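Note that chain A is present in both complexes that follow, paired respectively with chain B and with chain C.
Moving on, here comes the complex of A and B:
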């Protein structure tokens, strides 16, 4: 903590060490999401940087070009942002109302981090879309999105399930399923014009 | 970190009891929307450390300034200094009182404990209520029981939103001046809340024994039928199939709601009014959801600009548009239909 203190009126000389520490923490949580085990890391040291990075990346990639605003039915940046954050808030409120003992921000943190597999799916879909369109193209994208969707749900369940009373886990997991389904659907039906 | 903040706070104009009072107002641990005590259970993040450091430095500066100002006033201004102090104290007390009231109001309205009893359900109960919502009960002589819970209805509304999105995407619905997500959410929540309120108002006029919560729950569970019908018919596009399901499944869930309302209303006119309205709205909503989100051809807006295009064209979709190859043939089909309609209109 001592090395992190700079004089308050001197913004340009921020030490790089806390930034690296934060980035390492975010990276560690990404690893925990990709290889979900029953661990407390995401819950104990929650932060919202990871979810923000993932949400912004996803929203940027889901934007269509503004050239054909006439036929624009695709999600815009703000729409994706609002869906992700309000969806996460709704799920958190629901799990608290069902009697869960997880804190508000911890739940937001877990739900945000578990969007990582779907962001990876978006990247893969973008690459696959560079090839020629056709039914094979669609099948590959469908398969990738389904696998990543399942991965997201498994990862978030591994972290969230313990906070619910044992007989109500299904009630808390169903809205998570709907949430990731909507995001997966936005990813799958994205076609760059 | 809460303990670190408290002595700093109390050093500043007796703000100690303020913090304590706030915590007293939270009934039961962690019941407010955002748990103030849990907000502090972070560890190891440097931005929080820096934030707290800056806050502490700022507060010390403010304290130093305030102390200096008070000293100056007292030394040089005499009576005026005293009046200044008095006004400052009054302002401070008003601020504290206002803050106390605001925090009390916050913990009262943002306290989600109000809603907690309505989410006290088991999965088996939800399952049985979903199945019962499709089974009309003939016993109308004494009031039938309605479970007052909000979990099932809320989840059904969200499921309907998801199904609508699925349907809109596969049919390439083009929404201008809005977004797909916004439209779907607005439609479903608007129906659930709006029609519930309207029927509750009619029930009040007709002296029916039903509360707002029960009405919300009843209509919410009635949406289960809608979810089933739309899920099936958005994937299998046969109009005959849709009409069959509309009558069967939609009819069953409507009959169930009607039976419950009839059992709680006295008098034939009142029963007719209430149940007729609910049945009409429920069935028409399903019809609307199926056809409106099919494929509204772009001609709908061209109507406002060009005189030669017919007003609304609902183009029956027989070809699933999931594969890009099929999209071409369906656009050709739709373009042909539009051309045919224009020629017919012209004659």
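Moving on, here comes the complex of A and C:
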């Protein structure tokens, strides 16, 4: 999955692909999501490690702790996984069918990395939920989730909208909106028991 | 212990080679990258073991799931970026050019006259054995999870199938690309494997 530009040469050479190089590439992409500007990094050197890390983190945070160890958050964990990956694949197929010139994995990469603001929102919500429940608590969480949702949308459309023909941009962006909306909804309605 | 087994295999292979093969390729039965060989098998086999023994190892479904996901990811990275290159001299990746078109590149190392650059027979066997056996097992697990309605495991099992299947597909295409004739390659490879297994068993028994 990690796909930086390979240096041409004998594939049998002993110098191993440094792990650090891949980790740095992932970190760089996180930065690009946080400060979205027109650049090709997310698109050209795609990798799916970031989305995997974010998905697992989000799924872990979205579990409800329960006293019964038999149903200890298992279904919710798998649910988040399925929603994120199935949703991302569906959006990618949709944009390809609309005639976009972005490749399958590039689109998955962008959508996955742009979950980062929502993961941060989840973290903040969990911290806020440690305080006493009430309308103020809810308003704070609502505000945070809305801001991060908007951030995700802006970041992903900055990368994805260019790949669509001009008259189809709204059609391609609308499922992205829905996708992040569903995730934001899951985050907002989360209550630990 | 895994090292021990593979060393035993190399003993058998070298005897076998001396008797049967008349190619002019020098005997390549040493394992030149023991660490890579170990990790190639370690991550895959651990993921399968954790999946099978999850009920016994830990009462938490989440811990097992996260562990398996971690092992599968490490395995994918290791096999794609390190062990394929070191053990069999193949590599594959995706390249996006200036126009934004994506190309999949499959490369194999050309046979070089240098001693230390040719592929070791034992390593090649370990590599392909691990590469083929594990995705097949994950597919079997997928069907068993589906039919026994343990649907909560389906996400992890599908992930196992996809990640390990991707590596399998990538390396087979590398191999095929270097031979250009898939059918003859497949039949000759399978034929050789069966022959070796049968005569190998005769030797050890």
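Everything below uses one rule, namely that the second predicted complex is superposed on the first by the 167 of 193 C-alpha atoms of A that agree within 3 Å, B and C clash if a C-alpha of one lies under 4 Å from a C-alpha of the other, contacts with A are read in each partner's own complex, and residues count from 1 in each chain.
Note that a contact is a pair of C-beta atoms (placed from the backbone, for glycine too) under 8 Å apart; a residue touches a chain by one contact, two chains touch by 3 or more.
These numbers come from a predicted model, not from an experiment.
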Which holds for A:135: it touches chain B only (first), chain C only (second), both, or neither?
-> first
Of the two partner chains, chain B (first) and chain C (second), which one does A:60 touch, if any: first, second, both, or neither?
-> second
So, does A:27 touch the first partner chain B, the second partner chain C, both, or neither?
-> neither
Once the structures are superposed on A, label A:46 by its partner contacts, choosing first (chain B), second (chain C), both or neither.
-> both
First (chain B), second (chain C), both or neither: which does A:105 touch?
-> both
When the two structures are overlaid on chain A, which partner does A:81 contact: first (chain B), second (chain C), both, or neither?
-> second
Following superposition on chain A, which residues of chain A contact chain B and also contact chain C?
-> 1, 5, 19, 22, 44-46, 73, 75, 101, 103, 105-106
Show which residues of chain A lie in contact with chain B when the two form their complex.
-> 1, 4-5, 8, 18-19, 21-22, 25, 44-47, 71, 73, 75-76, 79, 83, 93-94, 96-99, 101, 103-106, 133-135, 138, 167-168, 170-171, 174-175, 178, 181-182, 185, 189, 191
Given the complex, residues on chain B that touch chain A span 30, 33-35, 38-39, 41-47, 49-50, 53-54, 57, 112, 115-116, 118-123, 126, 151, 154-155, 158-159, 161-162, 165-166, 169, 172-175, 179-182, 322-325
Can you list the residues on chain C that touch chain A in the complex?
-> 59-62, 65-66, 69, 73, 76-77, 80-82, 85-86, 89-91, 93-96, 100-102, 105, 107-109, 112, 117, 152, 154-156
So, in the complex, the side of chain A touching chain C is made of residues 1-3, 5-6, 10-14, 16-17, 19, 22, 43-46, 49, 52, 56, 60, 63, 69, 72-75, 77-78, 81-82, 101-103, 105-106, 163
